[in-house]
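You will see two complexes here that share subunit A, one where it goes with subunit B and one where it goes with subunit C.
Right after this comes the complex of A and B.
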């Protein structure tokens, strides 16, 4: 802060054009990340990964040093906008990397419009609306959204598993709808039948009613809940007999559930899920990244392998560094050249090549995993398949995707997609 | 506690002369602030301070003058904010009605006041910890309701792009206009609370606080006074809520989540619930701590993610050294100074 002040005063005193100075100033990156609440651990992994990416780049990009400022949020949009404003106005950052969760992303999309000469690169927030409804010109998202994360799973269960009648149990909020939409679009197009949809509030502990009302003539249950909700469901489902297959949403079979105590999780064995990464992805780019992550931090200060949140922030930082290199650190003219570079350059990431569409939303790969026993009494995810080039409209035309409507309890309509409902 | 001085004795000075110099200085500082403070300080730090101060002021009114610790104030404020988003314009065009500002502001204050009054009517039949429990229960019910109701409150995502009207050709969301807007509202709310506390209603309310039975025996309707206090406090909180939604440009269930509800109590307690200025002091401390504590930690080479520790320690220190808030510290310091300067008075300050 003081250095910047001295620099700007001396620039004024010497009558230097400020553009000439700007090339030598460090680039300031604000890390907007949740460090409170349910995602605090993931958020901390996000910060670690930004540091890792900058360190790998030698601490500079485009000939300019990189400085970072962390702005913690508690995942509420209010706090996020407040912290973002602090980053811009108080800490005077050039680029914001973040936020982490869905409703924060939507709030940041609107905030980004008020700071057109700065750039926001999404951390890992996955709401479809962020880059689909009235997107901001200076908001870039290099991760897939919640709907894209569900793509590929529907075809996989119909074609590989032969499960074409499912009932769905998903969380009754935006991410639940969005992630379900990705699965349902694919599943219905593959000719599947959604027998019944159940929506459960976030933080449910009693699934007795849902389990009792579950239809009997189904091949599988799609479970779009996460964390402790998923553990509660599995426990109660196991007590009720656990007599059918499960299909998991993106946040269902994560480490919280796989490492939980009790026998209920055994119902999970053989459950396919889909998401933005596979821990045992054989791709060398991924393997190198995991090795670098493990080397960079002591074992008690990191996860066994990078988390979903961490990867998101890592990729966002890679994008910033690559674009800075491309424009030689030139952030003048309202960052026009930098934003142009971000929007047009394909990005090589540990998850494969990512390109952006006209809404500045990523097109990339989705990974299908299956829960298997790890041979030591625990469970793990095993990489089964990947679907590349999943775009924002899930392979539909923009018109068809728009006509389908935004994710909600009743969208998508399975019949309209070639499947069957109810 | 608001001491009612006996002003009839002696010659009444002009009301202007009665204002202590500290107030003149404070007023001058606040009015000239845009001349020497940056946009961030004006909009984010001071604007937010005034808004939280107004909401905490409504709690201070209930707790300090009415003896009722209510945790519903943040929900009432959020209700007003939601009404602004629903009846005014927002990014959620399917729900927002887009009425003009002179219609939606009274509606928002009215609905919030009604909500606060209904909660008050339920809560006044309890006392002490039961009031806290019942209002906390309703506050969390409000949070979960707004999170799951999609037809009116738009559920988890809430409303975005809620901005103040462009009135008199001024963009009220710019730093300087917004600063004066919040400052003006805070001053009006402060004056209203001071006025009401000295008006017959306020005096009766303080009587109800100190001895409800005696007040009932004197013919005062104790319950009606308490409910009316909730209504008045709700109007204050509603003003804070409307400003809050304009500042954030959006509202979501998290705005009135349990942490936010508790924060209002913390602000009022840290500032001191004895006098109406307390909540504003508490709000300033809260805002400064929550805005700058990550920077302070990183400045000392510590990990910024432990910022909550610093906030918690700050509040703990205030409550530990002064159970009646920062105001209590100030009052004790003044009492001590008076004792030191005037040895004849001894300890009788």
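Right after this comes the complex of A and C.
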């Protein structure tokens, strides 16, 4: 009420008849993105991809021009909320696209509840809780969460590789648990056995003791660590006489590990991983998107192909544009029609068709990749398989998924899912 | 040794007992009851050796730090940067020449030279001004970190050990006995054993130089009373230069070691600076045997913690430091002044 009052008073003050102008005003989109800290490069790619999507739409949607405002964060939740508040109150944006990282996403879910007449479309943050625990009505997520990214990999290693006894080493924090849960649910349902679970603190540099403690009668080790931790593990694993197969979590074989210098990463060759994209996905929609990305920016101002972060922001912008087109740019009545369109429309993306469930969380495709040599002395991911229609509850009923509990060191219980533990 | 035993009979007995239990744990085959409490012997041995080799790395970094600290009262907060710089230079040398061993003398010389420049051009100008030196070294570490980020970028580097050190070696320690009665010997990464041996050799050599040579005598005298030493006609600036160069070179070589069995990336500099500070606080400032004991304690607590209590492993290091500060603030082997 107060906002409406302020809005009409300011419109009067400008001497403009507010009703008639509403449809011709530009739509203002705030891009909430990490441009400082560990994900700064990825965040910059997010901004590029928002620009790309808007440019492809001709700079307008639903008959209204689109204006963007960038709000940089440093991946901490309090900065994110402060920047989001600035976007709403100072820059007067209609829609926020973002944020980028998991804890920011949870903070934005809570902030979204305080601005019900605006819409937040998630950038690429992947915490399960954001859309699972007490979700906000106006928070929409068109990317999969950390648990969904692990889906499909378990079946793949059991059925294609014949590895059904694994030990797991994963990082001892929220994303480590969540990403592991996706793998474990699938793996246990396929009849696999988790022989032992190891949880290592984030930032561990010496894994000698853990490597030695690996059980001897296993087919593979699941690695849910990333970045420098992953490189240290691989290095020490090779020095200890690498003698079994590896399975990677979503961040195990990303660009930070594959572009590291030295030969530690070679232990990764042949390792299957799962995640939200495959760089060499043969789907024409993906190929067209990659070509457009490469054409839109000079080579030294972009990645060789769009990053995970970039794709997330691109898809979020596509969603905003498509929903604006469907409602002819009508953002009145607390954006009710716009939010209804977002929630119900199927969205064609470079990653396949995405639909939202009742929590406004995406159901979409997960890609299985394998690390191979690229023939130039480096490593790359090769597309192997995809699993479509992965939903938030990983194919379980809501009751069963709730009963399993939130991701933790001991959740999921493999025995309860048809596999074996220990 | 005998003096210590005479002065502290109870402590000596406890230390001897602990050493005997440890030796028994390492060499005797474990009974099933013991395995059910502590887990497989293989895991214990690996955690133990992992801790000792990690301690060896910490010792290499911290011994130079403690010497510089003890002699010049100079908290060189850029010590971690020297470690990381040494690692990057070692990577370049071993990549270009294909020789891992060659990297050590080259890096020792280069980083030692940088140490001389730092001491001669920077620290000598602000002798005795501890706060100013501390601020300047923090500034230097920031500048060096940015320069290294500019040259080597943000990705991780690992230095590859030569083939003859790659993979595991079999140690003459029984890790397990099969049901058939056949003994399985412990297999352990060769490169880590080599690093352990090198650290022991360097440590013993440092002890010999400090305790058996004229230079060592000067350094020890300088640690005890700098003013009196210079009053007696010794050109103490040369001693400072030599010690600073040696400490810096050692940190640089430690960088190669760290890059070989861990990895190098921005941020490792502060991690190792922190580790060195903890080691020096635990061991006692200016004491080489203290640095060895401190490094061993920290390395073992990290590795044992990671295997037996992963949740709390992060705090053990700091618990040890807090306990030492509470009960023996001068450090285990430090001298109260």
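Quick note on the criterion: the second predicted complex is superposed on the first by the 405 of 422 C-alpha atoms of A that agree within 3 Å, B and C clash if a C-alpha of one lies under 4 Å from a C-alpha of the other, contacts with A are read in each partner's own complex, and residues count from 1 in each chain.
In this text, contacts are C-beta pairs under 8 Å (C-beta built on N, C-alpha and C of every residue); 3 or more make two chains touch, one makes a residue touch a chain.
These numbers come from a predicted model, not from an experiment.
When both complexes are superposed on subunit A, subunit B and subunit C end up sitting side by side without clashing. In the superposition on chain A, A:172 makes contact with both subunit B and subunit C.
Contacts of A:201 after superposition on the shared chain: both subunit B and subunit C are touched. Geometry note, superposition on chain A: angle between subunit B and subunit C about the Cα centre of subunit A is 60 degrees, to the nearest 10. When the two structures are aligned on the shared chain, A:81 is found in touch with subunit B, with no touch to subunit C. In the superposed model, A:264 makes contact with subunit C only, not with subunit B.
In the superposition on chain A, A:144 makes contact with neither subunit B nor subunit C.
Applying the stated contact rule after C-alpha superposition, one finds that A:96 touches neither subunit B nor subunit C. In the superposition on chain A, no contact is made by A:52 with either subunit B or subunit C. This overlay, made by fitting chain A, leaves subunit B and subunit C with a least C-alpha separation of 6 Å.
Residues 172, 201 of subunit A contact both subunit B in one complex and subunit C in the other.
For subunit A in complex with subunit C, the touching residues are 172, 198-201, 204-213, 227-228, 231-232, 235-236, 238-241, 256-257, 259-264. For subunit C in complex with subunit A, the residues that touch the partner chain are 39-40, 42-43, 45-47, 49-51, 53-54, 91, 155-161, 166-168, 187-192, 259, 261-263, 265, 267, 271, 302-304, 306-307, 310-311, 313-314.
Taken together, the subunit A residues at the contact with subunit B in this complex read 35-36, 40, 43-44, 47, 70-72, 74-79, 81-82, 85-86, 89-90, 102-103, 106-107, 110-111, 127, 129, 134, 172-174, 201-202, 408. Across the interface of their complex, subunit A is touched by residues 38-40, 43-44, 48, 91, 144, 147-148, 150, 155-158, 160-161, 248-252, 254-255, 257, 259, 291, 294, 298, 304-305, 307-308 of subunit B.
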